[in-house]
Amino acid sequence: MDKKQIRERIAKRVAKELKDGDIVNLGIGMPTMVANFIPEGVEVILQSENGFVGLGPAPAEGEEDPDLTNAGGQPVTILPGGAFFDSAQSFAIIRGGHVDATVLGALQVDEKGNLANWMIPGKMVPGMGGAMDLTVGAKKVIIAMEHTAKGGKPKILKQCTLPLTAKEQVNLIVTEMAVIEVTKDGLLLKEVGRGLTAEDVQNATEAQLIIDPNLKEMDV
Amino acid sequence: MKKVVSLEEALDNIRDGMTVMIGGFLAVGSPLKIIDGLIEKGVKDLTVIANDTAFPDRGIGKLIVNKQIKKAIVSHIGTNPETGRQMNEGETEVELVPQGTLAEQIRAAGAGLGGILTPTGLGTIVEQGKQKIKIDDKEFLLELPLKADIALIKAKKADKKGNLVYNKSARNFNPLMATAADLVIAEVEELVEVGEIDPDEVMTPGIFVDMIVKGGE
Amino acid sequence: MKKVVSLEEALDNIRDGMTVMIGGFLAVGSPLKIIDGLIEKGVKDLTVIANDTAFPDRGIGKLIVNKQIKKAIVSHIGTNPETGRQMNEGETEVELVPQGTLAEQIRAAGAGLGGILTPTGLGTIVEQGKQKIKIDDKEFLLELPLKADIALIKAKKADKKGNLVYNKSARNFNPLMATAADLVIAEVEELVEVGEIDPDEVMTPGIFVDMIVKGGE
Amino acid sequence: MDKKQIRERIAKRVAKELKDGDIVNLGIGMPTMVANFIPEGVEVILQSENGFVGLGPAPAEGEEDPDLTNAGGQPVTILPGGAFFDSAQSFAIIRGGHVDATVLGALQVDEKGNLANWMIPGKMVPGMGGAMDLTVGAKKVIIAMEHTAKGGKPKILKQCTLPLTAKEQVNLIVTEMAVIEVTKDGLLLKEVGRGLTAEDVQNATEAQLIIDPNLKEMDV
């Protein structure tokens, strides 16, 4: 699989986690792609932390409104029935538990559900933006990321080594190789990518995986 | 006080070393004309409170590139590599704050609150140096109000009493900052007569706004 | 979930002993039709969170007179002598809260805050039993969030997704309560199609509203 | 003076304390009357804690809007340039120091500037409404009240005996007999009513008054 296929596969699988009526915040980057794969008949309301609900697709070329962007600064649209608000209200929605699910990328995630995705000390410090509030506030935190870093280095660890974004908040990890649920007993491997075994996934994962007795193949 | 002023009159109030809030989210809803004025005037050593440092060639990012900011209190600098460079090389102090916490800190200052308790940042380096308060076995961080000497905000429309209406996602931090500074200067695209804005549609009441500068559209 | 429901369907959700927020300020902006429904249905032992107990013959006051309220958490009961009588004779528990504190407590619950620090009530009986926190030599009371099982609010207009627009001073506590209850039921004067309310004019986003009941004008 | 004259005199004198451009909140009852006596050329913006600025006069009969009342529930109007908001914003304005002056009635006020105006235990407990926030938040707290209670009982005391509304927040006391400033040294008698002496005022006051060397006659 090339990069694009990998990213599409992850986004497609994450999209299946969303339920009709869910209020969802998609992080910048790959998580944004999830919007393109939401199943027929499922209507989710996308929240954009820069201040609205009802985030719609990108506008046609020439139709961009400079006052209407997503949290990544890209021109977007708002769907009928959407609403704008200020940043305090936006994060009241997020922190107050009114977002059903958030999808975020990760640098590292560990078996306790700890997440690190906002800085590599001395190297890359983009800042946490809204990620710390989203991970603490959303009812379900889904991590969408490639299974390993460059050179096959595991990103799913026994314990995160990078500064945390939030402590013990991740519920589900979706990669091109696997779907893994964070349980109080540890990481539960629920699905593996087509043609892969549980062992393949374990080999690319530092944390010990618990194999779900009903282990399935990822359907994407 | 005369509310509608020229850019020059507005800039007269912003001096070296001041703490300045600047509205906007990646430069959307930022007072771009006032920012350009600050650059031309060369005001320096500013402490800037804002959501982000935008882009090197746009919005607050230009003040970073022009080395006018001593300290930036923001939630995100990823879109402006120059901010990261200045931070790593110790040229500019950057304090990163979770976006929702930043919003509440500014709101708290405007609302006369002594602080707010948030679960955001618990178990991360954000909690360093902060008081933790336990309520019914749940821990929270005590975050303190953030205020400024000046707030520079941007609205779509104002009447001559300073009532403001924002446009779409350009609202963001602007209404909060309007409440939390000693002097509030609003750059607006459109200026209308008093009475032309329905009181139910006002997003920032004019009592918060000290000066209005007519900006570009 | 179907959002537009009959009064009966809405009332089915409100049961004896629940904690219910009711919008309005001296009955202005209160969901009067739903209140009348509660009286007809005879739901009892309610804990009511509201600004005031209105008047004996109007708004929340009717629930007081009808003895359906076990406890009232309000800022003011002066306009309803029956509330004072029931309180003095131990028939109804009344907890008086400063109005601004009440607003922040409800907002805090909706915003996921663990509490807020306010100077209001310091040196008065309001501080009894509360934690005091000193920040830079200034004292504040720590006030905790207030949430409810149900919020009963009133708006001028709603679209079928539940986006709400309030009218004039009938806004008051309604937008706050819409954020702070497990189930939010809005009584509205006018119901319009999705898309008929400009997203910039929405005062309570539809994501907060679970049910809409068409009320009188 | 009859009751009406007394109240008018107090309201007139309070009105002179307000400066052009001030944002003012007037309490229910006598303080509301202050709006009728604001001097020519002085424009104040009245804040109504139930959710707006730009409070205007009562509407003509038949023009009342049931959705537009003051904090006492009486029909009012809103002036051009006014704005509505919710109760959190209203008290953000009040608590946040954005109100220049509030005028409130009192049951008791004392030489430290303590105020009691919200309950008489076991007898009358209307509740504090917005009074506690107003006294703490407004830049200037003006008490407008009759100088004594029924039977000439002093209301300006050495120490309040009723439950307080706020501690040490009152700045000025205006009665039909006197204008008294609360200073850190105690109560400073600045003006006396026409035909009255400082001694007359002191006799109706429990707290010890400091006589301003520039003691004037109330000009109303």
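Couple of notes before you dig in:
Per-chain numbering from 1; labels A, B, C and D assigned in written order.
In this text, a residue touches a chain if its C-beta (ideal position, glycine included) is under 8 Å from a C-beta of that chain, and two chains touch if they have at least 3 such contacts.
Bear in mind the structure is a predicted one, so any value in this text is a computation, not a measurement.
For the pair chain A and chain C, chains touching both partners: B. Seen from the Cα centre of chain B, the chain whose own Cα centre is farthest off is D.
Between B-D and C-D, more contacting C-beta pairs join the chains of C-D.
Rounded to a whole number, the gap between the C-alpha centres of chain A and chain D is 56 angstrom. Centres computed as Cα averages put chain B at a distance of 35 Å from chain D. Chain C and chain D have Cα centroids separated by 29 Å.
Separating the centre of chain B from that of chain C, both taken as means of CA atoms, is a distance of 32 Å.
Multi-chain contact residues of chain C (touching two or more other chains) are listed as 104, 107, 111-113, 118-119, 166-168, 199-200.
Shown for chain D are the residues in touch with two or more other chains, namely 52, 78, 84-85, 88, 91, 94-95, 136-137. Taken as a graph of touching chains, this assembly has some other topology, since it is neither a line, a ring, a star nor fully connected.
The list of touching chain pairs reads A-B, A-C, B-C, B-D, C-D.
On chain A, the positions that touch chain C within their shared complex are 21, 23, 45, 47, 52-54, 78, 80-85, 88, 91-98, 136-137.
Looking at the complex, you find that chain D touches chain C at residues 48-52, 65-69, 71-73, 78, 84-88, 90-91, 94-95, 114, 122, 124-133, 136-137, 163-168. Within the complex, the chain B residues that touch chain D are 1, 107, 109-113, 159, 161, 163, 179, 194-195, 199-200, 202, 205-208.
Contact residues on chain C toward chain D in their complex (touch as defined above): 25-29, 51-52, 74-79, 84, 87-88, 94, 96, 98-104, 106-107, 118-126, 156, 166-176, 203. Here chain C touches chain B in the complex through residues 104, 108, 111-119, 133, 135, 138, 140, 142, 144, 165-168, 199-201, going by the rule given at the top.
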